[in-house]
Structure formats: structure tokens, C-alpha cells
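Okay, so chain A shows up in both of these, paired with chain B first and chain C after.
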Partner chain A sequence: MKHSNWFNNMPYNKVKPSAVQLHNIGYNEFLHRIPRDSSIFNDIRTTLFILKATGLLPFYEEISSYEVGPPTKPNIFYSYFIRGVVQALTIFNLYNLVTSGSAQLFSSYSDTDNVNKWIEFLLCMLAHSTTVIICARNSKSFLKIINEILKVDEDVFDRFGTAFENRCGFSLKFIVGICICQWYLIILTVLEASDSLNMNSYIFIMFNAVQNGMAAIFIVFAAALLRIVKVRFAHLNSILSGYTYNQQRKQEHFAGRERFRNTMETFPEESLFTYRMHNKLLRIYRSINDCCSLILVAYMGYAFYTITTTTYKLFVQITTQSYPQISYNVLQTCFTWLAMHTCVLALLSRSCGQVTDEANWTSQVLARVYSKSKDHQNIVDKFLTKSVKQEVQFTAYGFFVIDNSTLFKIFSAVTTYLVILIQFKQLEDSKTVNNSM
Partner chain B sequence: MAHRTVQPILVHFGTLFMFCKVLGLYPHDLQAFQRMHTLQGSKIGTAFVCATILAVVVAYNFLIYSFADEDRELKEAQSTLTFVIGIFLTYIGLGMMLTDQWSALRNQSKIGELYERIRAVDEQLLRENIVVDISKTSQRILIMLALTVICEVTILVSTYIILVDYTKWISLLWIFSCFPTFYNSLDKIWFANTLNALRQRFFMINTALDGMVESHEKLKRWANTGGDSLLSTRKPSIANVSIDASIEYLYKDFTHMEAVKKFNMPRNKITPIAHSLNFYGESFETPKKPYKLSIQPPSFNMVYESELSRDIEKVEENLNNLCQLHDEICEIGKQLNELWSYPILVLMAYGFLIFTAQLYFLYCATQKQNIPSLFRSAKDPYITTIYLCYTAGKCIYLIYLSWKTSLESKRTGICLHKCGVVADNNLLYEIVNHLSLKLLNHSVDFSACGFFTLDMETLYGVSGGITSYLIILIQFNLAAQQAKDAIHNADESVSAMPTTDGGNTTALMELFTTTFLSSIHTTPY
Partner chain C sequence: MAFLLAVYASLDDAFLTGDPLAMILNRLAAYMTFSALLPMWWVNWLRRQRLQDLFNEFAAIEADFFYPYRHLLADCTTYDNYLLWKGLASLLQNLSIFYTTTVETPSILLIIFTCLLTILTNVVLLVATHFYLVVLHTYRLIWALNRRLEAIAADSIMPRLCQRRHLLSVEIDTMASIYARLISLCERYTRMHQLHLLLVIGSVTASNIEVLFYVRLLWSGKVAERTSFNVFATFQIFVVNLLGFWLTITICELALVESRKTSAILRGFSAKPKLTLNVERSLECFAIICSSTKLRFHICGLFDINHLTGLNVLSTMILYLIYLVQYYHDNL
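For the complex of A and B:
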């Protein structure tokens, strides 16, 4: 029994079960329901599997299609084991970084570039270990989030008989893209190295790629979660928008006065249900924010730094003349880095912006509900009053708000730093010439 | 008595539309516009616009090419940073024009709907007895057009006479240098006037609400002074006094002072005013005058008591309608902003870059350095001033208008509350509370693709940005210049130069070498 072809913007007045009916349906369905894949798992199964396999999320049990249970003992041990291995490798890499173990990787650059690269590796490790640690700490919360989303799904399904179409296909594409980028970067790095690399360097490069990839994949997962929440918010909004004065007028126009009355009668019931769901979704939204915000800060700092230095490297590479010709190897590396991080950042800020807009849109939709009856007005007022001071924002640990304008801000900051870096470069150049003369 | 039909505002856009159509900026159907004043897509128009795009692009490139001789010298002689910036800036004007035309093509099916919605709003406003005066629109358009043409022509002609070598026939191509800005200005005039129309409608709603307040205040004042004598004779004997009170300010709406009025003053005062028209008919006339809504014919008077329950409903409906109209206008504003989001973004980028560049090149010109051929107007400070005023005027006016419009839309809530305060009764308060919660959620913020909002804060930020980038550019320039001098000195003393041996040395490298050489003599940082 598949519901993926049911669109979430179904006519809101299609099913209007009374309270009694509703309960009946609920329990009957619960008892006789054929176990089926709920759509949330269908859409992000691969992402979830990757995250589970790498120890970021626990291997939970699927009790029913609308509930997941805590992981079993062996699975918990597996997660611990993986996390331990990962942390051990991180320490190994860190050791390599501070000792001369990875000196091979820094041979071909000038001093400033080497420092940049060194910091980049460090930040990458930081981002990844933050991800691992926070995930380990919040594993229960992630399960709770998934359970709550499923609960909302169940409620909506009971009421409207619709399942959601999450359109999370993008996550898979992004993951594939990230993996390709990482492999490409590994190959480029190996090719770039002048002398043959030793074992330590290989391990370092490989694990660095894994760290980088995992940090990015987790962001994709967060984006997918946000998309799922956004779809649910959008569904609630589409239910309510049937009661706005524009829609009512249209219906009045088509169906005459009789129908018009009818549709407004269901308003209290539906709106109360919607409020409840909206509150639940807001709670989910906040807990997603709580779970991810530190990871987001770490990743965004890392991505910002990488984008700045990569752009700078690109600039130097294009303008410099000290080498016989432009190194295409470095150019490709720069473009791959830029493409990967820009895309992931764009995805993140877009999903955050979308879900925030959608959550805020509800009150705007309700503001368009005009009703003669005082009860209805009170219902509307209650929600609107509640949402006056309620700030729905996705923040990076309270440091800054992540929405559509974040990308713009990041790029204007990158431009400014680029100018500063170029000035430094000139200083450095002039110093070397000064010394040589 | 107002006539019961509304003119679409497009009636006043006739001149502008002809300009846009003839120059190939807008693809819409000319006949449909002339006959019905609607904007409809047209295949021929699309083809014409495409042809214009092609022609202008070709001519513009030809212009750049034919004036590029100097640029080649420039590249060799001058700081390359100037050159690179020049190339980029040369094309941004063209890019802006292409964005305008492309979005006009893209929006041609949607834009008609926008004006249809404005017309529907006008009709509904008329139903609320609010007449929007749009006669000024055509005048405003004409002024803007005239200003644009004057600026363009002044810049073009003065540059041509003073700075272009007009002995060569090829210099006639210079005319094309003003095409992108002119096209852009036309498009922005169109946008600005539509925006202004929206702002006017917000303003009319606010005025209507203010009018209610004012007339009610006058009524109250009259009641306090004139109604006292009546107090002793008549007590508020009507059963549903509270409902009475709720409709006080609607008073004039209802009655042409024929019916017997029973007024209940705010609860905290003890001045129930009941009076008959017979006594106070004259004094009633005065408070009514400013009230624009009172177009009810005198025959409308009816048995007052029976209408009481409808009165509060009538107030509510009236306010509801205004609220819905407010929402509708907000929605139209959002749609308008969406249709023009890319042109506005590009215009703002253009304004920022060109303003910085023109000032920078002005600096270069005063230092007797070469500048890109397309920016030769920077050689003359007066032309530069006009040019800057023109560009800045365009950007600032749009920002200012957007800002004013969103302020005007926010003011509606204040006006609504005034109504509540003046009437001072519970039922009306409830309505006002309910509606003001709704108004709070009607948002119209004009933004460029969501990147930044168009308001005064942004304007401040942009002007700060221009200043700091100008300083950075001048620093670069100074450094390069000093380095060049240093090279010259070195050239004279030492015969061989280490950096100029290869022909493939790029300009930016030159910049760097010159910069670091300069630090031998002076340290600019």
C-alpha cells in the first residue's frame, strides 16, 4: 500500500470525519493496518543507512511503520566501536599533523599557503569530531525527532488519509556528488605529490576525505530533515488556506451560498487540529535546531574558511607567473572544493530558509481568514497572538540566523577577506624581494 | 456622485508604453493596450524584442571594439587593475539591459494579471466609497521621462562634443553607449509608477480610516458641547445602549441627520446624548464635511432601532473590507516585487559598481592616468556629476519609494487603532484587536531577490561600502603608481629590468611586481 502518489495539497475538505468517526478509523487502522514503509523512511533510507553505518546515528529498530525503537545491544556496541575507531583515526591524523608525519603534503607551497592548509585540515577534523561527538550525545534526541515526525504523519494520515511526498531525492544526489568530489580530490592530491607518498600520508589523505565527506553528508541529512518538516508545514498551510477569504470567495462563486456555509463550519475542528500539529512541528523544528546547531557552527566555520582560502588560491594561481604555467591540477582542486562547499552551504541555507518561511506563513494564512462568527475570530486571534512574539528562526547556536541571506553574507565576507589576503600577499612578496636584494 | 467604474491605471502609462514598445523593451501587444488598456503577450512583440536585443548587443560590442585601440595602449601602459575593472564594468551596463528585457519577456504573461488585480482593488475601493485619484500618474510619468531624456542627452552630447573625436564617422557609434542606461531607466520608471500606485492605495486606506476618526472626534466634540442641554431632558432609555455606542463614529455614514439619534458616550463619561435631528440638524452638517465616505443618499434614513444590530456588523464589514483590501494590495506588492526582483538586484549591483568606478576613474583622470574608453565621461567632473546624480537618483528613488510604501502599509495598523481608541467601546475594540492582529501579518517588504531589503538601512550600508571600496582602490592605485615611478628610476640607473623580459607577463603580475618594488622607496602600508 503505497501513498507516495498522494499529493499533500489535497483538497482540504475532501475528508471531514466527525470526532467519533475519527477515533474509529484511528483504532481500526491501527489494528488492521498492513505494515508498510512510511514515506519518511523511503525517502531518506540511504542517507540514514550511511549515517548509521558510520556511527553517527544508532541502528534503531523499526517497531511499526509509525514508530522506531531504541537500538539493540549489539547495534549499540557496533556504534560505539565505529565511533572509537573514528576518534582513534582522528587522533592519529592530529598526531601526523603536528609532527612531521604529513610533511610530504605541504612540500609544494609557500609558507602562508602551508599554514592555510594546515588550519584547513585542523578545522576539518574539528568539524568532523564535533559531528561525531554531538551525534553520539544526541542519539536519543534524533530517535525522538524521528518518532515525533512519524507521529505527526500518523495523525495526519488518520485524519486526512494522505501521506506526504517528501521530495527528498536531492539528498541522494548530493551524497553521490560529495563522494565523487572526495574521490576526485584524493586522486588529485596523490597525483600532485612530487615524490611517492608513504603509508602515513595515504592514511591521512583517505581519512581526511572521509572526515570531510561525513561532515558534508551530515549537513545533507539535516537539510533532508528540514525538508521533511517543511513539507508538513506546507500541508498544514494548504489546509488552512482553504478558509481564506480569497478561496471562500472563489467557492462562493462556484458553488453558491450553501456550500460556502458548509466549508466554514469545519473551520474550528480543522484549525484546532492544525494548531496542534503546528505546535508539534515547531517543537520538532526546535529540537532539530538544538541537535544540529553546534555541528552547523563547526561546519559553517570550516566551509567559510575553506571557501576563502580556496578562492584566494585560485586567484593567486590565475594571476601568478612565477611557475612556467598555470597548474591545472591545482585549478581542478580549487574548483572541486568550491563547488562542493558552495553547494552544501546553498542547500543548507535554502532548506533552513524554506522551512522558516513555511512555518511563518501559517500565521499569514490565518490572517486571511475572515469569519462572521465570534468563535472563529477567537480561534484565529488565539493563534495570531501566540505567534506575535514567537520567533521562528533557525540559528547556528544563537550566533547567527541561517536563512536565504546567509549565503549572500558569506560571499560578501569572502570578498572582503580576499581583498585583505591579496594585500598580505603583496606584502609578503615585497618582503622576499627586499631580503633578496 | 462618483461614477461607478474605474479606470485602469494603465491608461496613464500610454506614453511610457509607446516608448518601451518602439525601443523594443517590452514585448506586449500594442493594439490590446491601446484598445483595452491591458498588457497581453505577443509573439511579434517577442520577436521584435529579441531582434532589438541582438542589434543592441552587436552595436555595443562594435562600439567597444572600435574604441578599444586606446584600451590596448591602456593595457600596456597602465595599471592592470584599472584595466580589468574597466572590462568588467563595461559589460555590466549591457548585462543590466539584457536582464530587463529578459525579465520583460519572461513576465509578459503575468504582468497583465498584476494590473488586473490593481483594477479589481480599485473597484472594491470604490465600493467602499474611496476614490483613488490617479490623474497625477501620467504627469509624474512625463516628468520622469523628461528628466531621463534630459540627463541621457546631456551626458551623451556633452561627452560626444568634449571627449570624443567626432571627426571620424565611427565615433557616431558612441550613441549606443547610452542605450543600456536609457532602456533601464524606462523599465524602472514603469516599476516606480506601479509601486507608487500601490503606495497611493495604501494611503487612501489610511486616509479613509483617519477620516472615520476625525469625523467621530468632531461628532464627539459637538456632542460634549451641544448635547448637554439635552441631557436633562432625555435619559438613555434605550435598551441596548451598548450597541448604540459602538456605532457612534459610523454615525454620519448612516444618517443624514434625519433620524433620531441616540448616542451613548464612552463608559467613563456620563454624557449620554440623545437628540433629535430637529434640534441639531444644522450643527450636524459641520462634522460631516470632512468625511469622505458619507455618500449615502438622504433617503437612506430608516427606523434606527431596527438597524442597530446591523450597525455594528456594518462597521465590522467596513473594516473587514478595508483589511482585505490591505492584504490584497500587500499581495500585489509582493507579486510586483517578485516580477522585478532580478532587474532590481542587477540595478543595485550596477549602481554600486558604477558609482564606485566612476569616482575611481575620476580620481585616475585627475592623476593624468588613462582610463577605459567607455568611461571617458569621468575625464570631466561636470559630466561625472550629472552622470552620478542620474544613476544615484534612479537607485535612491526606488529604494526610497519601496521604503515609503512599506511604511505606509504599516501605518494602517496605527490608523485602525485610532479608530478603536476614539470610539472607545468594547465591541469595536474587539474588532480592532482582531483586525490589527491580522494586519500585523500582512507584510510587504521589498527586497532584491531576498538578499537585502530595499530600505534606508541598505542605502546607508551601500554608501558605506562605496566609500570603503573607493579607499581600497585608491590605495592600490597609489601603490601601483609609486611602483611605476620606482621602476622608471631603476630603469634609468640599471639597464636591465628583471620583470619585463617576457612578453607573456600578465598585467596583474606587473601590478604585483610594481607594488613590491615601490616598497623599496616608500612603504605604502
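For the complex of A and C:
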């Protein structure tokens, strides 16, 4: 059996690691000998905790350092309860938005602006409820994804004795940044209101901030998951690239006395292991895409709309003639919105682009091994025939591909719509002039 | 049909908006829809022989490979769900046509007109439904093929199969040929229906833009009688049209995604060390077929049908609505 076959070979590998392994692991190898607390939890524990506390992910049980179990009964009830509260608040906000409960918030602008703001609130609610509903539906899939990542970690640890450096510190920074942005926006909104706000409006503003924050934090979580997958793809690629001609030349150069004449001898086993891990990672990648795609579409639609209207507001604020001075309050609001959404979108598109590049890079690396030795060409062939012209893509529900070019596309669309909105404003202005004459 | 066209044109202002631009638009959309009908009938009549070949090929494919896996075909819940959805969409479309007869005093002429219109529309819808069903069927076959392939990938090491290694290679070869046949079949029926689809998508988009514009007109308060009933009556046309259109788009996307999964499953074989040379060769052959011929629904050399196109059509609707509103801004 394939699995046991690989298992039997393990001691051999541990006693005499290949040159590639030595090169990749270096001095750290024996430091990681003892299995420690699985690293993906260390890196994204805070993010996971926030998502669990807000009912987006279930409170799962950590059975061992390489496995998580389904949540216990009280925790399931807790998640249901929180979700129910959140949805009730959403309905309350929707009611406020439709009736005149929140009319105080729409006082200072013209007609078109008010409609824009109204749609923005609506889209925010839509994005957040999509996140909650899809997360509730896919909670098992998320657990499965985490378990599969841990399984890959375990296999790689058994094989090479390495743990991964995930470098997911960015997620914490982003979450803190999002929270600060939301608080700042709440303060600005309260200051901006001319007369004192009633209770309904306060609840509306607070919960709207929570919705915004949660939708953005989920995106950060997705980016962190993608980063974790990317690190694993990169590790596999580095193992394979150890067999390419250039790398071995370099190794001989560095290692001097440690000459490994027959470095290709470990290639068959190692490459089969790598193929297996690569397949597993691809499956994880696909299931992350399947779980998150609708959430991503909703969030990106919302972010796109917000960026457009905010840029428009900024434009009006700067070019307006009627006010004697520019309102700094509005300027600050606009810049905070722009900064938040642009940063989150940039993070998302960057991590999607990186993981896709790493996943597609493997065939390139293997193609360079191909010319190395005649004996192993059929092993390389096995992989290459199945991955040539079969590049993977991270798509948002098939609507568009998310990679590094997405941010550019979004901003070009924003510019187009900005021009249309400005034309509208000119039309509106000319109409009021005509009416007054 | 000429009679219908005359009546329809004389109705002019179907939504009682009393607006010149809306009238022109309405007339334009009506002429477009009616002019689409004739080529549709004509083309459908000319190609009846090919249609028959198509059904024969489907039956042949099922008999050739899927006969032992009927339980797999029966297991596909997505197939049933989408059939139900399509049924619902057709029902709603018919209802929404009859909705216009619910004015206070329906004249006999209006009722006859509506009945005839329903028959005509159903002809168009049936042709679109036919395409939908064929794609759905293809999806189910590819789905069953993938499940079988997954089963092989999961237990190809089992002793049961070890004794029949040569049979395994033969089966994979059959699968590859079935896959290739399905894709060529798909190309054939897309070519047969491309004109219909283009016309249907075009007229749906045009009528949706028109309806959205009406809603905007009704909302603006310039119209004499604006009731919530009136707005709803107009808006439901948009929703029903969109549902039918989106079902077509999404079923094509489903089939595409499923066919892409085949190559992903094939990738799973590359990590298996113990495969005989024959099986290896068959797998490679299948992989090459997968990478060289891909499923796609290419319409008249203009565009593919998938979610990307669906999104583009939606954004086109919104964009043209904005253009119309801008163009007509003074009167709103």
C-alpha cells in the first residue's frame, strides 16, 4: 500500500537525510525535533478567537496538536445564540433604515448623496449577513480545512522534521487597524450630527461599525489561511528545486567537503511525497475558494461601491464652491474609509496572487529537474502531463479571478463610475439653476 | 404573428407611463423580440435531423459507459434541483405574461392577444429550455464520470482490482474517449443553439434595461398613477427574466467547473507509486485529452457562456440604465 510504503522508508530518511534536506534545514533541524504546539494556531489564534467569539466559526475542540474535533454542545448553542442576536440586530437596522428611524443620519447632503449613503448601508448589511450565513453553512468545511492543513503539517514534520514559519503577524496588525478605523468613524459620525442623536441612531451606528469590522476581519482571516497554504506550497517548491542543476552546483560550492555524488537517488520517494502533498494542498486551496467565494463577492461589491462613493464625496468636497471652507470632518471620514477598504482589498488580492503563483510554480521547477537525469524522467512526466495548461486560479464565484491585477481593475472601474457620478452632479446642478431662473 | 405585431405596436404604452422615450423603447424591444422569433423557428426546423442525431449520441454514450453506473446518475441531486428551478422559472414566466390581463376591465382583444403571446413566448422559452436541459444532462454525465474516477483513485491499490489491472487500463481508456465524445457533443449542440441563445440573451437584456428604466420613471413621480402595485407589476418582470437568464448562465458554469475537476482528480494519480505501465499510459492519455480539449460554450464566436459573461451582462444592464437616466435627466 502506498501509505505504508512511504512509512517504511521514514527511518531511512531520518538517519541519512539527503543533501537537499541538509541544505534547506541547516542548523535548525534538531531544534524542531520535539513536536511542539502546532504552529498555525500560534499564528492565527487571535483571529480565530475573534471569529469564534462572534459566532462565525464554531468553538472546536483541540484533540491533539495535529487535529481539531467538532464543537461541544454548549459551544454550538453559543454560536447559534450569537448568530441569532446578530441577525436580529441586522433586521432591527434594516427596519431603522427603511422607516424614518435613522433619518437623522441623512441630513446634511443632497438627494443623490443620501441615496448613495442608503445603498451603502444596505450593501454593508448584505455583506455581513452573507458572511454570517455562509460561515454557518460551511462551519464543517472550515474545520475540515484546518484539519487538512494540520495533517499536511504532520506529514511534513514526520518526513523532514521541519515546522513552518507562517509569518501571519500581519493579520493581527490588520485587525487592530480595522478596529481603530471603525472607532474613529463612529466618533466622526457622532460629532458630525448636528442635533443630539436618539437611542436608535446610536445602536444603528454602533452595529453598522460592527458589521463593517466583521466583514473586513473575515477577509483578513481568509488572507491568513491563504498565506498559510502559500508557505506550504513554497516549502514543497524549495524541496523540488533542490534537485535542479543550479541548486546542486551551489550546494557543492558551499558544502565543499560534503560531496553527495548521487543526490538524485532520493528523488523518486521525495517527489512522490511532494506530489501527494501538492495534491492535498491544491484540494485545500480549492475548498478555501469554494467556502469563501460568495463572501468575497459580497465584500468586494460592497468595498467597490464604498470606494466609489467616498471618492466622489471627496471630489465634491474639494471642488465645491458654495462652502467657504472645506469640512475637515468629512475629509477625515473619506480618507479613513478609503484607507481601510483599499488596504483590505490589497491584502486579499496579494495573498491570492501569491498562493496561485506558488501553486503554479511547481511545474516550472519540475521542468528544470527534467533535464537532470534520464532515469527519473518518467516520474517528472507523470506530474507534468497532468499539470501542463491546467493552471489553478482563485476565482470569486467564477465572476472574476482574484490575483494581483484585481486591485488595478477595481480602481479603473472606480474611475469610470466616478466620471459618471460627476456628470450626474453637473446635470443636477444645471437643473436646479434652470428651475430657479 | 403579423396580427400580433400590429396589436402589440398599437398598444404602445404598455405601462401607461405617458412618456415618449419609453414608448420608443417599448416598440424597439417588441420589434426585436418578434424579429428574433422567425429565424428561431426557421433554424429549428432546418436542423431537426441534427437534433435527432444529438439525442442518439446521448443515448449511445449512456449505453456505452454509464450503464453499470446508473446509481451514480440517480444520485446527482444538483440535477434534480436545477430541473425544479427551471420548472419554477418557466411557471413564473408564464404567470408574469398573464399578469397584464389583471387590469380592471380586460377586453376580449387583450385576452386573445395575451394567449397568443404566451404561446409564442413559450416557443422561444422551449428552445432555450432545450439547451438548458442538454447542458444539465452533460453536467450529470461528467459528474458521474468524475465520481467513478474518484473511486478508482481511492482504491486502485485494493486487491480486488489488482487482479484486474488490465481491465483498469481499458476502463480509463473508455473514460477518456467518453470525455472527448462529451466535449465534441457539447460543441455540436452549442453550435446548433448559438443563434437562439444570442437572440434570447439579447432580447432579455434589452427588455430588462427597459423594465428598469420604467421602474425609475415610476419612481420619479412624473407618472400619473404610481402605486406600489404598479411598481411591483413592472419589477416582477425584471426578476423573472433575470431568474431564467441566470439559470442558463449558472448551469453552464456548473458544467465547466465539473469538467475542470476531472483534471484535478487525474492529478491525484500522480502520487501513486504502484501502477502498471498500461494504466500509467492510459492516465497520461486522458490527462493530455483533458488539457488539450476543454469544455466551453462558445456563442457565435462572440463570447463564452460562464459566470464572467453573466456578470458582464448584469453590469451592462446597470450601465445602460445609467446612460438612459442621464440622457433623459431633464424630464425626471
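Just so we're on the same page, the second predicted complex is superposed on the first by the 380 of 437 C-alpha atoms of A that agree within 3 Å, B and C clash if a C-alpha of one lies under 4 Å from a C-alpha of the other, contacts with A are read in each partner's own complex, and residues count from 1 in each chain.
One rule holds in what follows: contacts are C-beta pairs under 8 Å (C-beta built on N, C-alpha and C of every residue); 3 or more make two chains touch, one makes a residue touch a chain.
Since we're looking at a predicted model, the values are computed, not measured.
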Simultaneous placement of chain C and chain B on chain A, clash or fit: fit
Which of chain B and chain C A:Q423 touches, first, second, both or neither: both
Touched partner set for A:K386, first chain B, second chain C, both or neither: second
Which of chain B and chain C A:Y275 touches, first, second, both or neither: second
Touched partner set for A:C179, first chain B, second chain C, both or neither: neither
Once both complexes are placed on the shared chain, angle at chain A toward chain B and chain C, C-alpha, multiple of 10 degrees: 80
Chain B versus chain C as contact partner of A:R286, first or second or both or neither: second
Touching partner for A:G398 - first (chain B), second (chain C), both, neither: second
After fitting on chain A: smallest Cα gap, chain B-chain C, Å: 7
Chain B and chain C footprints on chain A, overlapping residues: 381, 385, 388, 423, 427
Chain C partner contacts - residues on chain A that touch it in the complex: 1-2, 5, 268, 272-273, 275-276, 279, 282-283, 286, 381-383, 385-390, 397-400, 420, 423-424, 427-428, 431
Residue ranges of chain A in contact with chain B within the complex: 245, 319-321, 353, 363-364, 366-368, 370, 377, 380-381, 384-385, 388, 404-405, 408, 419, 423, 425-427, 429-430, 433-434, 437
Complex interface listing, chain C residues touching chain A: 157, 253, 256-257, 263-264, 266-274, 280, 284, 287-288, 290-292, 306-308, 310-311, 322, 326, 329-330
Residues on chain B engaged by chain A in the complex (per definition of touch): 320, 323-324, 327, 433-434, 437-443, 450-452, 472, 479, 504-506, 508-509, 512, 515-520, 525
